[in-house]
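Take a look at the structures below.
Look for chain A in each of the two complexes below; its partner is chain B in the first and chain C in the second.
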Partner chain A sequence: MIGRWTIPLIVALAAACGVPFVAGDYLIGVALSLAMWIALTESWILLSGLTGYVSLGHVVFYGLGAYVGILLWGEVGGVLAVGGAGLASGVFALAVGYPALRVRGPYFVMLTFGLAEFCKYIVIDVEAGLGQFSRLLLGGPSVLQLYYVVLGLAAAATALTFFVARSRLGYALRAIRENEEAAETVGVPVAFCKLAAFALSAIIPGMVGALMVARSSYFEPSQVFDPIVSFTIVTMAIIGGSDDARGPFLGAALLVLLSEILWARAPQVYMILLGILLIAFVLFAPGGITGRLLSRPVKVKP
Partner chain B sequence: MTLLKLQSVSKTFGGLRALRDVSFEVASGEIVGIMGANGAGKTTLFSLIAGNATPSSGEIWFKGRRIDGSRPDQNCRAGIARTFQIVRPFAGLTVLENVMVAVLFGSSRERSRAKAAARAEEILHELGLEERKSQLAGSLTLSGQKRLEIARALATGPQLILLDEVMAGLTATEVNELLTAIRVIKQRRSLTIVIVEHVMQALMRLADRIVVLHHGEKIVEGLPAAIVEDERVIAAYLGSAS
Partner chain C sequence: MKRRWLLSLMAGLALMAAASAQAADPVRIGFAISKTGLFAAGTGSQFDTYNFWKDQVNARGGLDVKGVKRPIEFVWYDDQSDPGKAVQIYEKLITSDKVDLLLAPWGTPAHIAVSGVVERYKFPMVGDSAASVKLRELKPGNLWFTTAVMPDRFGPVIADALKANGLKTVAVLTPQLPFALEVKSFLMPALKKNDIEVKVNEEYPPSIKDMTSLLINVKNANPDAVLVFSYPADSTLYMKQARENGIAAPFQFVMVGATESWFTKQFGAATDGIVTMGHWSPKVAAWKKAQPFFDAYEKQFHEAPDYLDSALAYMSCEILEQAVAKAGLDKDGIRKEISTETFETINGPVKFNGVENATTPASLLQIQGKSMELIWPPSIATAKFEKKPAWPAN
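Take a look at the complex of A and B:
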């Protein structure tokens, strides 16, 4: 597997690095947004794709990272702010993961969604209490610098998901997805493994959140905790294929393209299309594009 | 040497008493059969020993350590494996991966995936599943999935294995093959087996000793030949005249 996909991935990465040399600001912006979605969706797959614990609140790590980022950026500089944002999201995941991961299926979906909304309103209240309704970040890095950093995070998130999926932990996570009680009975420490996946999946979105605040140079809680971010991640993962580190490339590319074409002209159409795509894929191609195109049927002997 | 000891173990689910004051011991190397009609508490007993459920009262000891209240994965690493009566394969993983998970996380806690794969292939060979190793586990026949349950349990490297109706639903030929396979496997690894079985002849041929449960209570324990003649067992199975 590594052999077959190493070369295309290196080519893609090299091409991505070359984008700024041939493209104007608009295209760099689009590429930055694509890299951001790939990073977010890869990290979601690490948790939800592998364990089957579908999170509808992945934005909480992004939003928390954005908040920590804006608080720290002016004080300690960008590098430490981004690192601090990743760390904060990881620690937060460890703290809430233990109770949250005790519920399964639709309950976990609702819980993660509620948790993200809950955190959004906490941050809104805290900010309101401080007399801040939004914050500005001035003198942030250029779009080009941001692009390379987020591209690096997208590559890191892809590598992380790829290697975790094939690691000892990955076997445990997929066993948990298939049958948690059976996994526990063959010796998998399920609570620990789920928590590890939850924390690993939180760090990169936290860093991305801090960077995207620097991109917009503006922080507003209801924007960085917007549940649409979570929905988009889930849709990208399902369209691309949620069992594999390759999926997000296709899912994210398709949706970023659609959004660039439609968002400015017909935002409502875009949201409707998102819903239709999600339903269509869940019903007709639950394995996503990668599952559909790349899976070879298993020969079954009579 | 006593490997497993149950001391007046009871389990209630809400108002329902699934088990009441059940005590028995299993010596190292023994095959003990558990018999009883539907609802007698056989599967509950396995869940308590494996750690999938906690007794309401009583104590369970394994290798001189008290294990009631510990988690299934801890009991697995300590050397207890079980199969599920209603098979629970990792349906979306291949047959080989199913067994590999058990090698990676069972009592051997293998770190290397290559070694785990090699070990898993050996076990699949023993159960006649090696040709199906690349197939998704969910696509196996029932007979195949029952074998996979055993393969996965063995792959954890147990000293004690709890087999829950592994022969139910199989044809006579398949039962015979599986009986032979279980005997060979037991000899090769000096395993201790506790087996729940509805196929009476299978139990008679396999077990050294039989414990009979009825409505959650142990009514009798003894050699297979004595059990079939026991009036209490006949009464429990066929209903008594009085």
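Take a look at the complex of A and C:
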């Protein structure tokens, strides 16, 4: 399995590294957003794909990272700000994960969604209290520098999910997804495993958040905590296939491509198409593109 | 057969290319505007005004580029009310569409977001529908703002107007959006200085769908003035629900939306007495270009221009046009022109100090009957403030 996928992945990474040599700034920007979505969706898969605890509030880590990033960037420089953003998101995940992961199913979905909105309004209030209603980050890195860093994060997120999915932790997480009680009965430390997955899935989105603020040079809470980000992550994972590190490539690539083709002239069509795709995949290909097209046929025993 | 078809196609293309080279090359002007999303309801008048200006200029034979008249062609995209998207669009406009000039997107967030792009590519752009003291943090050079309602000027102006009209208590409702919160932060100290008591001070999310509970607080407090720092969607909501709840304050202010013609069409007589933000009027005689603009706009669209966004958008076009007439399409020349010259606009002369319009005073408009009047400050007022009459019965 590793052998089958290593070569295409390395080729894809090499091709991605080569993009700036043939593309202008606009296309690099598109590649940057593709890398961003891959990094976010891979991180999401690590938690939600493997454990079945569907997070509809993953933007909270992105937004928090963005906030920490903009607070630190001017003080300590970009590298430390991005590191600090990842650290803050990870610590935050540990802190809220412990109580949050006690509920599951639709309750967890609602909780994560609510948590993200809650954090958004906390940040809005804190910023208003500080007399800051938006923040600027001028003189940040170029789109090219950002692209390579986010590409690195996308690769790191993919590797992380890839190896976790094949590790003892990964098997434990899948066991939790299939039957949490049974997993606990056979000795899987479920609370620890879930928390570990939650924290691991938060770090890279935090770093990406800080970098994307540098990209837009503008921080405004309702923008970096936009729930659409969470929805897009889930959509990409479902369309791509969410059990494995391969899925997000296809899901993110398909959606970024679609939006590139459609946004300029028919944004509404894009949203409608997104809805149709989502419904179609849930109904006809719940395993996503990877699950449907790339899996070997299962022999049904008589 | 196939080859002949190909040949004739190529010949046709060559002919077309030759023909287009003969006509004056158009000046391509790019911008993004929110056609969908949260702000979509507020962007129509800016978009219309850009097109109105384009048509006007093209009817005159084209944009004067250092003496050569060239037709204007727009390249525009929908930013979906997402400032991040606006960033991408301006990058695309500059690097991939290679436009000759830029016009501004709608709203403060998008302006600030694209400020990084115009700075990176050293591409001068005259902003319009944006105001924030944050803008002063931008390095002057490639972006200027035509607005006169910078929050630190506008907040105190509201307090002065209340004081001058003997209004002593206020209720303040603020959506959690940057510009609104910023205006409020400069309003509060000014109210205190003028001994005006704040009876209600609430913030609400910009996507609010029901403000009844806020308005019940307002009604119970019975203030002389209600200040709602709203955007089109919540301005509309206020109009409906303030009437339902019988808010009777003589001074009722909604911030964005009331200057647009759909607002008065939708609410009719209920808008009588509503105070709003704006610093332009065709009735100020000293602004010679104001009335002709109003008349021509009304003739084309069969409705009045938006006193706020249309005026701002048109001013930005006028400034760009005058700069290009002298400097051509050379970026350095345009930059130098805009940052040093004084421009004759529909809102009077405009001269920039850094990024900021330093000449136009911040002011308030009031809807009085069917007309829109500047009521404050007295230096440019076209009428005196009138108490808001009771809401119409039905």
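As a working rule, the second predicted complex is superposed on the first by the 299 of 302 C-alpha atoms of A that agree within 3 Å, B and C clash if a C-alpha of one lies under 4 Å from a C-alpha of the other, contacts with A are read in each partner's own complex, and residues count from 1 in each chain.
Keep in mind that, in the parts below, contacts are C-beta pairs under 8 Å (C-beta built on N, C-alpha and C of every residue); 3 or more make two chains touch, one makes a residue touch a chain.
Please read all numbers here as calculations on a predicted model, not as lab measurements.
Visitor: Overlaying the two complexes on chain A, which is it for chain B and chain C: clash or fit?
Guide: Aligned on chain A, chain B and chain C fit with no clash.
Visitor: If we overlay the two complexes on their shared chain A, which of chain B and chain C does A:22 touch? Say first, second, both or neither.
Guide: In the superposition, A:22 touches no partner, neither chain B nor chain C.
Visitor: Applying the touch criterion given at the start, work out whether A:7 contacts chain B, chain C, both or neither, answering first, second, both or neither.
Guide: Touch status of A:7: no partner.
Visitor: With the two complexes superposed on chain A, say which partner A:222 touches: chain B (first), chain C (second), both, or neither.
Guide: Touch status of A:222: second partner only.
Visitor: Between chain B and chain C, what opening angle does the Cα centre of chain A see in the overlaid model, nearest 10 degrees?
Guide: 140
Visitor: In the three-chain superposition, say which chain, chain B or chain C, touches more residues of chain A.
Guide: C
Visitor: After superposition on the shared chain, which partner residues are touched by A:283: those of chain B (first), chain C (second), both, or neither?
Guide: Neither: A:283 stays clear of chain B and chain C.
Visitor: Which value, in Å, gives the least CA distance between chain B and chain C in the superposed three-chain arrangement?
Guide: 40
Visitor: Starting from the residues of chain A touching chain B, keep only those that also touch chain C in the other complex, and list them.
Guide: Common to the two interfaces on chain A: nothing.
Visitor: Of all residues in chain B, which touch chain A in the complex?
Guide: 50, 52, 71-73, 76-77, 81-82, 84, 88-93, 97, 100-102, 104-107, 109, 111, 113, 131-132, 134-136, 139, 152-153, 155-156
Visitor: Show which residues of chain C lie in contact with chain A when the two form their complex.
Guide: 35-36, 77-78, 80, 82-85, 87-88, 91-92, 95-96, 108-109, 112-113, 115-116, 119-120, 132, 134, 137-139, 176-179, 181-182, 185, 203, 205-206
Visitor: If you look only at chain A, which of its residues touch chain B in the complex?
Guide: Per the touch definition, chain A meets chain B at residues 166, 168, 171-172, 174-175, 177-179, 181-190, 298-301.
Visitor: Would you tell me which residues of chain A are touching chain C in their complex?
Guide: Answer in residue numbers: 24-27, 29-30, 33, 121, 124, 128, 131, 133-136, 138, 140, 142-143, 212, 215-218, 220, 222-223, 263-264, 267-268.
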